[in-house]
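So, here's a batch of structures to check.
The following pair of complexes shares a single chain, subunit A, combined with subunit B in the former and subunit C in the latter.
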Partner chain A sequence: MSTEASSTIARVLKPTILALIAIVAISSRLFSIIRFESVIHEFDPWFNYRTTQHLVKNGFYDFWNWFDEKSWYPLGRVVGGTVYPGIMVTSAIIHNVLHYFNFPVDIRNVCVFLAPMFSGLTSFSAYLLTKELKDSSAGLLAAAFLGVAPGYISRSVAGSYDNEGIAIFLLVFTFYLWIKAVKTGSAFFALWTALFYFYMVSAWGGYVFITNLVPLHAFALLLMGRFSNRLYVSYSTFYAVGTLLSMQIPFVGFQPTRTSEHMAALGVFGLLQLYAFAELIRGYVTPKQFKTLVKTGISAVAAIAVIGLTVLSYSGVIAPFTGRFYSLYDTGYAKIHIPIIASVSEHQPTAWTSFFFDLQMLIFLFPAGVYLCFRELKDEHVFVILYSVFASYFAGVMVRLMLTLTPIVCVAAAIAYSTLLDTYLERADHVLASNLKGPLTRSDETPAASGVTESKPKKSSGKSAAKAQELEAKAAASKGAVGYLSGERKRVPILNWDSRMMVIVQLTWFLFMFAWHCTYVTSGSYSSPSIVLASRQQDGSQMIIDDFREAYYWLRKNTHQDAKVMSWWDYGYQMAGMANVTTLVDNNTWNNTHIATVGKAMASSEEVAYDVLRRHDVDYVLVLFGGVIGYSGDDINKFLWMIRIAEGVYPTEVKESNFFTPRGEYKVDHEASSTMKNSIMYKMSYYRFAELYGGNAVDHVRGVRMPSEGPTLSVLEEAYTSEQWLARIYKVKNLDILGRDLKDATSFEKGRARKTSVIKRK
Partner chain B sequence: MRFIPSTKALVAVITALVAISSSSLVSSFSMDDEGYFPGGADLDPLVPQHLKITNLLRTLDLSKPLVREITSAALQNVAEQNVTDYYFPVDQVYTFNLAHISAENRKTKESLKVIKDTEFYDSEYQYYQIKLVEPLAPGEKIQITVKAVYTGMTRPFPTHARQDEKQQFVYFGNPFALTAYPTTKQKTTVITPNSVLEVFEHPPESTPEIKNNQVILGPYHDVKPLEHGIFEIQYQLSGPIYHVRHLLRDIEVSQWGDNLAVEEHYNLVNKGALLKGQFSRVDYQKNPAGIRDGNGILGLQTRLPKQAAEIYYRDEIGNISTSALVHQPKEVLLNLKPRFPIFGGWNTTFYIGYNVPLKNYLRQVANANNKYVLKVPFVVPMMETTYEDVLVRVVLPEGSK
Partner chain C sequence: MANIISRACVLIAALISLSLLGSLALVATVAEADNAALLEKKLDQLRVQARKNKGIIDMDSNTFEEVMAKPRDFPIVVLFTAISPEFQCVPCKNFDPEYRLVASGSIKKKADSQLFFGILDFKRGQATFQKFGMNSAPSALYFPATESIGSVPQFDRYDFGKYGFQAEEFANWLSARSGVHLSVRRPFDVLAFVLKLLFVLLSGTACYALYARAGKVVRSKYLWAGICLFTIFIMISGHMWNQIRRPPYSMPGQGFVAAGFQNQFGIESQLVAVMYAVLCGAVISLISSVTRIEDAPKQRISVWVWMLIFGFMYSILLQTFRLKNPGYPFRLLF
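This part shows the complex of A and B:
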């Protein structure tokens, strides 16, 4: 096959393959739609969906100024100033464009399908990024990997309408633009980097990753002696424009100038200016003068910067790192100081198995890809190496950050994989021919190789002649080592077909396994909407457990319009979205004290809790109870976190140790401690539970037999319990009309005499 | 316009010309709690007194939430000339509750034409003119049965009932069959679903005869036209009272796609006795019989055309997974189960929709090029359900006039 013919075919094949990859990426995210329905998943997406509805219905300015009095009762929440509006605005624009062209697509469907659609774009940007690092065949592999990698799918299935759904695309695309900018030194690309950085800032709090990684890259290049005008132009443009733009998001505001997380970017910006200034001076003074100038100048500036930063930090102008960032350094930090962060499962340290689970063979290819980057080590490869190192660390600390690791793993693995293919698929006559003709004839490698030869001299321009020579020698040496790409070294082709076959067959087999694993994981683990559960009946037919929506819809339809419902914060967003009731706390978790108050109420006895409930105008209390069907994510299992969070704020009133048995066990059966048994959480969960089984009840989550005499309630009454008992709603009783204690009133109504202890005391 | 959703009820079919774009209907009227006692003024009937009722049998069927009144009268022409019309009076206040009226010849089972009379308008009574097929010669006799169905004539009493309690209803009405003509002899049989609890009746001289689930009033002799009395009965009626507060029915015509898309938005209420206290799942689950015979709406059934495709059942927060389709020779039965049992006073909203081929419902007007006639059911009623507010919207293809 001649090179001309193959390039023509490639020109047709590449877009086709990319389109197919996008289709695969989108369709593998549709499991939940096919199995269940087009519905918003989980918790945070419900808030995003609700705000998007508000935006579409009331327009942008109303959304911007929206004060939501239905959440965080009685405090309320300034929604416009406390959200990353990127995803809502994106959906609203798509919705409005479609409606402009008379496609009456429901906003729900726009929201549900947003993340899969963006995953197609993400794989395309992975292609672009990898193409800049190696070549387009590696790019196609990277696109395919990223399209189906479970680590990314976990946050972008249809219905998972969360910030990450579009943020990963923005992350990859911003990095692509940054690399392009550094490579070309074009202010145009740097400007686009800044624009997409702005989009990223508007979409996800994870933008801080870009804010720190890009300066780090610039800084590393500076340390490696690779300062160039390209770097100067691209970084200065990016920083200046990007920072100004990012400050337009109300939630970010003045953070780029005032918080520690953003200081690195500012510092590198200053450093680059100084370095550029020094380079300018160098041209006008003698080397000796220059040395003294640099020595005094650098030390002075460094001293001023350090002193300035310290003073500003201590005086409070620059805020210290937030708790979330500390927990990235010290995994034990959150557990002690901010239990609310530690209580979220996605903030837990990653188990090693999940690396394999989420990335399968990519995790083995990943180090190889990074190694190959070291061999090449151009400016962009430095970036990949930095990205890999930091993302690996973060992914190890927090499960959730697996998401930022996945793109670079896919890119690095694609480089490694395509190098293997290059080596083993190359036809012997090609290699021989290239050896004969010289290094620069192979069509697909020409740009990369010529890029190497062109860029090296540029970098050394302006330096002393000796240094330049030295560099050139080094470059030549490195080129020799980089045989996998430039093909300069005379290589012996792998001629025997059997050894080639073995490797190729094995690699193909890996690919099959990878695709199978990805589909398996996506279908089995990441496609459950979590508001609808599916289980099998005894005869094998599917049973849908729809208890959450049952309870939420009951609240929506059969409670008065401004009913206040208290529940643990996990369900706040869902309740606001589905039940349309006023909630006390939700997944925003901005006010730890308020959450601790709810925790305290749940953990207290009826008398104490009633006081809290009355003060907060609570009408209903919702708890999740999985004891009937064995749903392990229920409130009793989360109860320890409620206690811990409450103890952090009310250390005298709630004590974790009181909830354990004398032997230090967390029990719910007859051995449970009296504090545990008296807490309203325990009472609400197990109220009349034993009766269901005629006094012989077994809690299917904890696997324990419950006492036959269940708890009694006097300040709360059962208002609704869903079909499988998953959601239990209790109504807070009004004060007794005869002014009695509610406990006495309940006893009286049940025909019991007042407790003898009360009489005796008198 | 009013619809009587019942097993035998006629399917209200209207022929909506293509020109109709939308029509809004407000129907039904809920009675005052205490009930207005009609017939206060002792008026003579306005209609011509050509007839005499020799014998009248009335059956008042209270076994369902809708009240069915069947009045069979033996008429005799007492005038000099032929009589062509028989007038059936209804108290003006109850005309809002009258859902359906039809008449037939009792012997031949021939159905007769019933017209809402406008000639003899009276503030107290609304007459329904029943056209006889053949004029009745002087002295001749004929037997005519009038069937009337009323909504909202009963009310729960006591107003609240516990989840496991049988709810009780009260019917308040006239012990006499209301006639426009003097009656020689008349008798009313009241049928209740269960044993009768209490009967309170005027005139006091006659004692009602109670047999199991029946109460026999009368026979009364020589009753004046438009005679009124007081009659009240309390009885048990288990099961929910289905009531649709709003129904929005969207019918979308797409000639381009040969498709008729129907979507119905319901707001369903249980008009039975309000739930006393709170709902307890344990009590509900421990007593399967209580679930069946309880007062909660557990499910309802609607009928769809045979060719209905892409049927869906959703509400504001998504698909409702509890529904079943039963294919029958002529239609598709859709069993809908709400997310939660709807007890007295509770409500829910949901919508159902489906697509059917348009060609079964649209035909071209003969000799006219671009004129079409669309013929669709106005409302497909559900069993024993009353409708308060029905809005039907017909969406026509773009550019149609």
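This part shows the complex of A and C:
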């Protein structure tokens, strides 16, 4: 086949393959929709969905100035100033464009399908990025890897309407533009880098990763003595424009000039200016004068910088390192100081199984790719190396940051894999020709034993073919056939067809396994919407457990318009989105004291809790109880975190140790401590639970037999319990009309006499 | 007159606290005058002792009982410790200076907000250790001011596992409970400062010398490649998890692999790192070292060997993963 013909085919094939990859990427994210329905998943997406609805309904300016009085009652929340608006604006624009062309798509469907659509774009940008690093065939592999890698799918399945869904596309594309800018030194590409950086800042808090990685790259190049005007132009443009743009997001505001996370970028910007200035000066003075100038200059700048930094940090102009920042570097910090961070499973460190689960074979191809980058080590490869090292550290510290590691793993693994394919598929004459392109005198060194001939690859070759081979190689060289990887050393082609077969067949098999693995993981682990649960019954048929939506819908239809519902913060966003009620705390977790107050109410006895409930105008309390169907993520299992967070703020009123048995166990059966049994969380969870089984109740989550007599409630009354008892809603009683203690009133209604001791005390 | 009022206040406070606690014990209304005098005397003694000994009151079983005896309207912290070398209590030794640091900061407080710091060594207070059923040291107990009667007074135990051995943490914990603001001011350690300064200077010089002499090595990309790859292998095999969770290195009788998907032993993650390194090494050799062998049979052998290692190692890796995740359906050679 001639070169022209193959390049024409390649020109057709590449877009086709990319389109197919995009289709695969999108369709492998649709499991949850096929199994359940087009529904928003989990917790945070419900908030994003609610704000998007607001944006579409009331327009951009109203959204920007929105004060949400339905959350964090009675404090409220300034939504416009505390969100990353990128994802909402993106879906609103898509929605409006579609409507302009008379496609009446519901905003919910736009939101549900946003992340899968962007995953197609992400694989395309992985292609572009890898193409800059190696070649387009590696690019295609990278696109395919990133399209199906579970590490990325975990946050971008259909319905997972979260910032990360579009942020990973922006991350990869911004990096592509940056590489392009450094390579070409064009202000045009640097400007586009800044614009996409702005989009990224508006979309996800993880933009800090770009803010630090790009300056780090520039700094490393500077240290390696690779300062160039290309670097100067691209970095200066990027930093100036990007920082100004990022400050337009109210949530970011003046942080780029103040917080330590952004200081590296500023420092490198200053350093580059000084370096460029020194380079300029060098041309006008004698070397000796230049040396003196540089020495005085460096010491002056260093002195000013040190003094300035100290003064500014002590006077508080520069904010100290924020908690999130600390939890990344000092891993012990979060555990002790911020229980709310420690309580979120996303902030846990990553075990090796998670790495393998999310990336399978890519995880060991990835270091090989990094090694290959070292072999070439152009400016852009330095970037890949830095990205790899830092992202793998961060991913190790926090499970959630697997997401930032996945793109570079796919890119590096694609480089390694495609180099392997190149080595074992490349025709022997090409390799020889590429060697011949060097000093021609070497041609006599071509190995005596021959490899594969061009037309008949399976023919086992004898020594007789050696001459023909040599001639062919020379001919190819004169034709100007170009080989890959022009390394300094002479390369020998793979000489035996069986070695080639061996490697290629196995590699292909590994690819198959990778694809199966990805589908298995996606379908099994990452496609559950978590607000609708599915379980198998004994006869194998599927049972859908829809208790959450059932309970939220009950709240929506049966409570008055501004009823206040208290629950643990995990369910705040869902309740606001689905039940349209006022919540006390939600997943935003900006006010730890307020959360601790809710935790205190849950952990205290009825009398104390009633006081807290009345003060916060609470009408209903919602708890999750999994004891009937064995749902392990229920409130009793989260209860220890509530206690810990409450103890952090109210150390005298809530004590963790009181909730344990004397032997230090966390028990809910008859051995439970009295504080545990008196807490309203315990009471609300197990209220009338024993009756359900006629006194022989077994908690299926904790696997323990419960006491035959369940707890009693006097300040709360059961309002609603969903079908599988997963969600239980209690109404807070009003004050007694006769002015009695609610406890007395309850026992009076039950026909019991008041306790005499109570009378005495009064 | 003022005396009567204050005494009445004490009585009322006692009543309120009793009714809050819900205990229906009888309220003693005896000989308050004696009590007040006793209290004054006790407080004076304690203050003198504390001032003499940098805020610390050394106790044995008898003095402990005396201090704890019924009229006690002041809070006190007692550190139960075993400082003598024969007990070999390392945490006791570690915590002792920290505790004394907090105590010494408290002397300057005004009389009405004073908090007393006692130390009870196991050698001198075995009876008290037994009374509190304590079988490990150190433990720091905080006894709030109380009027209640009982052989074992109410107390709060400082949780070393949760808060650690730092003076600052302990002071915070105490401040939260007693309402007395305690600040920790560490004395400036000149020796440590000088040592640090020397260390910085020395390492700076060493770096410079290294750069000047062995610049070629420092600038070698293979060195940096080694460092980077090593870091990556360590990180992707769950080293940070070990750093944070501190699992046992290995468990005798359980093999090298911990049960459970989100759990691992120290040795397990190291083994995984080695597996990754072998797999990665196989890939790199298949790319670069094989293409340097000019002899066809040798090259064939080399490719086959590396490919066998690759397949074999990958199978082991998959098998290890199946141990962690029994439902995992894929396998390679075995």
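Quick note on the criterion: the second predicted complex is superposed on the first by the 700 of 762 C-alpha atoms of A that agree within 3 Å, B and C clash if a C-alpha of one lies under 4 Å from a C-alpha of the other, contacts with A are read in each partner's own complex, and residues count from 1 in each chain.
FYI, a contact is a pair of C-beta atoms (placed from the backbone, for glycine too) under 8 Å apart; a residue touches a chain by one contact, two chains touch by 3 or more.
Computed from a predicted structure; not experimentally measured.
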Which superposed partner A:517 touches (first subunit B, second subunit C, both, neither): second
First, second, both or neither for A:638, with subunit B first and subunit C second: neither
Which of subunit B and subunit C A:364 touches, first, second, both or neither: second
Contacts of A:549 with subunit B and subunit C, given as first, second, both or neither: first
Contact breadth on subunit A, by residue count: subunit C or subunit B: C
Subunit B versus subunit C as contact partner of A:720, first or second or both or neither: first
Subunit A positions touched by subunit B in one structure and by subunit C in the second: none
Residue numbers on subunit B that touch subunit A, as the complex places them: 277-282, 285-286, 315-322, 339-340, 346-349
Residue ranges of subunit A touching subunit C (in the complex, touch as defined): 331-332, 335-336, 349-357, 361, 363-368, 370-372, 374-375, 377, 385, 388-389, 392-393, 395-397, 416, 419-420, 423-424, 447, 449-451, 489, 491-496, 498-499, 502-503, 506, 510, 513, 516-517, 520, 651-652, 655, 657, 757, 761
Footprint of subunit A on subunit C - complex, ascending: 19, 24, 156-157, 159, 162-164, 169, 173, 176-177, 221-222, 224-225, 228-229, 231-233, 235-241, 243-245, 261-264, 268-269, 272, 275-277, 279-280, 283-284, 286-288, 290-297, 299-300, 303-304, 307, 310-311, 314, 317, 321, 324-325, 329-330, 332
Subunit A residues touching subunit B - in the complex, by the definition given at the top: 36-39, 532, 544, 546, 549-550, 552-554, 556-558, 577-578, 688, 691-692, 717-723, 725, 731
